[in-house]
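The two complexes that follow have chain A in common; it is paired with chain B in the first and with chain C in the second.
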Partner chain A sequence: MTDSTMMLPSVSRLLSRERLVRWAPILVLGLLVLFFPFFEWLMDFLEGKGHAYLFDSRFFSIRNAARIGIAASPGLMVAVGVTFIILMGSIDLSMEGTVSVCAVLFAFVFLAWGATLASWAWLAVPLALVVGAAMGFVNGLVHIWLKIPSFMASLAMGFVGTGLALILTGGDRIRIEDELFRSLLTERIFNFPVMVYVAFFFLLVAWFIQSRTTLGRNFYAVGGGEELAHASGLNVERVRLMGFTLAGVFFAVGALLAVGRIGIAETATGNNFLFISITTVVVGGTALWGGIGGVWNTLVGVLIVNVINNGMIVIGLPAFFQDGVLGILVILAVALSVNRRSTSFVK
Partner chain B sequence: MYGLRKVEKYFPGVHALRRVDFHVNRGEIVGLVGENGAGKSTLMKVIYGAYQPDAGGIFIDDKEVRFQNPRQAMENGIGMVFQEQSLIPNLTVMENIFLGYERQFVNFGVINWNAFAEAAKKQLAKVKLDIDPATITSELSFAQRQLVDLAKVLTIEDRIEGDLVILLDEPTSVLAREEVELLFGLVRGLTKRASFIFVSHRIDEVLDLSDRIYVMKDGAIVDVVNHDEVNVDSIQHKMVGREIDTEYYREQKQKPYNASEVLLSFDNVSLGTRYKDISFELHPGEVLCLVGTEGSGREAILRTVFGLEAPDSGTVTIKNEQVWHFTAEGGVWRGVGYVPRERKIEGIVGGMNVYENMTLSQMQNFSRAGTLLESNEKAFAREWIERLGIKTPSENKDCGGLSGGNQQKVVLAKWRSGGSDIILLDHPTRGLDIGAKEDVYEMIREMCDAGVGILLVADTLEEAIGLSHTILVIKDGEFQKRFDGTPGSKPSLYDLLHHMI
Partner chain C sequence: MNLERIKPHFPWLTLLALALLVGIANPSFLVPSSLLSLVADIVPLFIMALGMTFAIYIGGIDLSVQQLANMVTVIATVYLAQFGASVAVICILAGLLFGAVSGYVTNRLYVPSFVSTLAMGFIALSVAKYLSGQRALYMDATLRDANFGWMFGNTAGVPHELVIAVFLLALAWFLQKKTTFGRALKAIGSGEPAAVASGLNVVRVKVLAFAVSGAFAAIAGLMFSVKLSGGDANLANGFLLLAIVAVLVGGTPLTGGVGGVINTAVGTLIVMVIRAAMVYVEISATQQQMIFGVVLIIAIALTIDRSKMQIVK
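This part shows the complex of A and B:
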């Protein structure tokens, strides 16, 4: 009985709900950006040193924005990669291993081939991307061929990657001291370092893939209705495989930026990316069951998470607070996006 | 002792039950027959408490009762054996039998498994099933599970004093002949304790088992006959009897098809237990309708043509080329379009907008090197929205928000615009209102004029007869009879029904 008379009221209710869900992340971001300076102002005021609310804020300054940008860039790339996977309704938890392997291999090859971007060593950059793609591809194969749920396949592949990185380095840190490569961090254009622009460029690439290519459309189709995509003649498995491969490439970009930021490649380069990237995707409003959201949501999510991290440091809250706050944020974000009336059981 | 008086039930846009009077006497087996959509399942839901009547009342021993939910009905002695079995496969037989009523075996939070098993054995004895109650349910055969389901319902007997009414919804649909006999013997034996309401589309079985038979059509009881005065023909006539409007199905627009060309042919194709030795040919401009009851194999044939299922034997030929590899991708490439029954699951992607849904199966036509040409897509979608009169504010509208009829048009537009010339329609008018149905009929005629071959599984028999050039009747996966559907010499509903059941 899909009668129009019955559909209409529920649709209009859904629309307003959808609007709320869609705009909530950006609203939260706006509030956070105003909240931290206010908190600063309040503390100063209580100490009797009142300052102009936004103009004198340590948080609300270009310098701090650049700091947030630097902190956010590698995580943004990893999160964008996993966004594609979550759009398909799958999940990829292999990012820590992939990032570590890409970082370490990049560093080895980079040092071996000339140790500066001005030499043949620049080839290490595309090589890292290929390695990322290959790892994502294998990840997808394990998931599709062996029919292992994506979360398990990718989690296991992630451990394999971390182990591989440890074997490669033997636990050592590899320093990259090339001035040209480090200019990712040191060279600034309009106050922001180059790596922020690089991240933004790749975000635009991701946006293009998402909205202007058949692959991007297929991600939404698979996430929104896998049965239907199949019944429309789509090769769903191929789409999945390409999704995991693409995610691997973005993980590799994240790895390069992570190495560029601190100048060191090691097994631990990949640490923390798992929690941060999934958190940011979800907080940004991409639905965990697929079909809804996209890379701009992920950008907002990344900014929310990094603004909170940075803001809490600026106002002097201890670091262990941050993970707790982020955890609660994830629960809130998912709770907001679940339509509990239409979902009776959750596994 | 149990009865419904003048029960009415409305759903938005549908008057599902019309002044239904229905009663069951003590120890009686009552049959209930009717076409799909006649209101049988709504009536059953009212009886076992899943729906509440909008008017009229339910009476037990002349006392009016009202059930808020199936559990309350159960406490009043009304149990239901579902067609889709209601057993949880990974639990043991005894756990299933007493699901929700385990408390009686629990002392201080600890389950007394011996008492539990003992009680379960007693229940199983009622249905003459000799199995270990600790068996995991999924290890049983289908027939055994059916009996366990019955045993589960019979536990009501121990919990309440009064009379029992047990509903059996299509209990025989997947049972073998001797299993059916076994079940019937059992049911007859249990009439000392309970009354039964037996629902089935197999009229012969209903006749065999029931003392009295209710015939439903369009939400109303059209006849009640006693076992002794039953006449199969008259029941069948009453189930379907209604005037057919040739205008409605656009029969005047039905033109002869091009018999010299063959789009699709099946030659002795079989697929497991789904269908066996099916042969037919589909020509350009032909509507070929597969007629049969639910589960007769119609859908499986459509899915084979599209490539979703590979047959075990026989040859499928599409446009003079034998099909070896059955994939949906290949089906689309060969020009086959599939309009599945569940629009929400396999028809449109909710959350994607109109133009995205339309081009989903033909994105290669709207992309260059993997990059989408969105303005082409949109212009194309606008053209088809106009051609088919799709009611949508724009091509950017989320498809999930359109009415059922317009969603169906989007699905049809997807295939037609992609150049598909073999279109598979599975219940294309299900859940649509009359106007939207007529639009779909109009489109079917148009497609035929354009030389498209249509393989149809219709929502009703009238629809099948009204629309088709050719009708194949299939029963339990086997071909029964072929009818010619040229206007003027169309078969009657009765002709079809005779071979279906």
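This part shows the complex of A and C:
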């Protein structure tokens, strides 16, 4: 709520306040990273064991950081994809279907063309990205041509995608046992598996698109005010279509990493990506109404959620508490990073 | 008769056309007794969608309904022996409470309802897992029949679930059309800043809308629990997206202020016809999901009234 009488005398305070709100997600992440080792220290202290804070922590270790990285990488790619859509003020709920189709088609083609990255089967990788782009493109077409709000269009396209994956597999699981492809998980550079670097590389690509290309600027323009963007001569529909296509490519990268992580492609590969990816985007500080945030916010959001999930296991929280604690922490994280002065109401 | 005037009637015209198409393909679909039992089967989903309508009507969304229903199946099963039929009151109060907290978090802590209700759903899941000890629980059959046996069965060919559904629909319609609460909902859905400016206690109305949604989800959960004679933290899984689809296909867009509970009744019936149709025209199980998605796109494209949306986001 804007309080106009307070505005003038406290401009400097407002500035620092806004800065605080902007950095709130990172602060939350930092606090979480320090909290879980503290909990471990406290437990050992109460039992009378010697424990140097941070140094003896099981959570605060390279091994565990790698574990968080592995768990977070596929989700990060999907969340980065949907970030572009949310920046435009739209939403994309088709990721579960797209991820499943890309994973399954990749696996089929990969096995058919030689079953190892050292043969022509490597072509299955770019093919998966093209399939992802095509599905995003169709998703965007349904949304734009039929003038169906993206929420409904992409939700229905998600059903189509999952259904397509089901038809392709008939419910079977496809194993990928190629050692070269599995080196995404097994090969480690500086203690982190290759997939973490791949995810980081695509994050940089996304950042480049967002901040250094016209398309990226246009996402912000559409999200900041569609009527204005339209009035200033922007082809809004084309930007939207490109956005959904781009998101599809990132969903496909997420699918490849998901297959690389467990070595199995199936209809269920896409499960659970839908709600968690949008939650991570919001936790990172990107606004659902568009125009605010970006891919770095999404990285922070993904890390927050994965640190919480990992930390709860490391400190041995009973399994039935974990969902609830995640829920409470997500609410707290978002509530802390909302700028109440610039938000008049929330939907 | 111009296009503008028949637009609001698109949802039920679509329903009629779909039902007729399936009826032509397989006449046994239109036999009244089988139709009635198909409709009766979808009642828990309908009740969930009915509650969700209130959240969507004000431009929000309630993603906690499925987990609330899960939690209620566990609560009902665990406490049936102790409280008898009044366990229903506990269930509905639990739904109201969770819904109200969702509403509070959304409107006072400024967490978008997409995230706040999802998070409340996680909390409900934890409660369900804790109370059930992460096992599937079963109700005592005699206790169940004595307390809730009236929920199911037939009187003069009319399934009791249908009576419950009609009663709840009437209640929701009354809330939406005939109370100041319902008027306030419409005002908020159509334009929240204007509603605030005209002195409406917007926060209270919105919290109440989420509470109503939670209460309906709880009733749906209770019906699941009695129908399947047990409770489990995963019993109602798979119903969330269907409930959203039922509301949207009925013609209540996510922007709020348009549509309402009658639309949701039509939307649920459309979902039912599409799903039943695949059985009646003998589509194989692996293909059903994809066909459902495609038909859904067509149904949504036909039913939504675009004249009230300035920008399609």
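Keep in mind that, in the parts below, the second predicted complex is superposed on the first by the 301 of 347 C-alpha atoms of A that agree within 3 Å, B and C clash if a C-alpha of one lies under 4 Å from a C-alpha of the other, contacts with A are read in each partner's own complex, and residues count from 1 in each chain.
Going forward, contacts are C-beta pairs under 8 Å (C-beta built on N, C-alpha and C of every residue); 3 or more make two chains touch, one makes a residue touch a chain.
Keep in mind that this is a model prediction, so the values were computed, not measured.
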Between chain B (first) and chain C (second), which does A:Val334 come into contact with in this model arrangement: first, second, both, or neither? second
Of the partners chain B and chain C, which touch A:Arg217 in the superposed model: first, second, both, neither? first
Which partner does A:Gly163 reach: the first (chain B), the second (chain C), both, or neither? second
Check whether A:Phe244 is in contact with chain B, with chain C, with both or with neither, and answer first, second, both or neither. neither
Can A:Asn235 be said to touch chain B (first), chain C (second), both, or neither? first
Chain A residues touched - chain C or chain B, whichever exceeds: C
Does the superposition put A:Val142 against chain B (first), chain C (second), both, or neither? second
Thinking of the overlay built on chain A, is A:Glu227 touched by chain B (first), by chain C (second), by both, or by neither? both
Identify the overlap between the chain B-contacting and the chain C-contacting residues of chain A. 227
Quick check on the complex: what are the chain B residues that touch chain A? 11-14, 306, 308, 327-333, 338, 340, 343-352, 356, 360-361, 363-364, 367, 370-372, 374, 401, 403-404, 407, 414, 431, 433
Contacting residues of chain A [partner chain C, same complex]: 89-91, 97, 142-144, 146-153, 155-164, 166-167, 170-171, 226-227, 275, 278-279, 282-283, 288, 319-328, 330-331, 334-335, 338, 340, 343-347
Listed in rising order, chain A residues that touch chain B in their complex are 1-7, 11, 15, 212-218, 220-221, 224-225, 227-235, 291-292
Which part of chain C faces chain A closely enough to touch in the complex? 58-60, 63, 105-107, 109-116, 118-123, 125-127, 129-130, 134, 192-193, 196, 202, 241, 244-245, 248, 253-256, 286-294, 296-297, 300-301, 304, 306, 309, 311-313
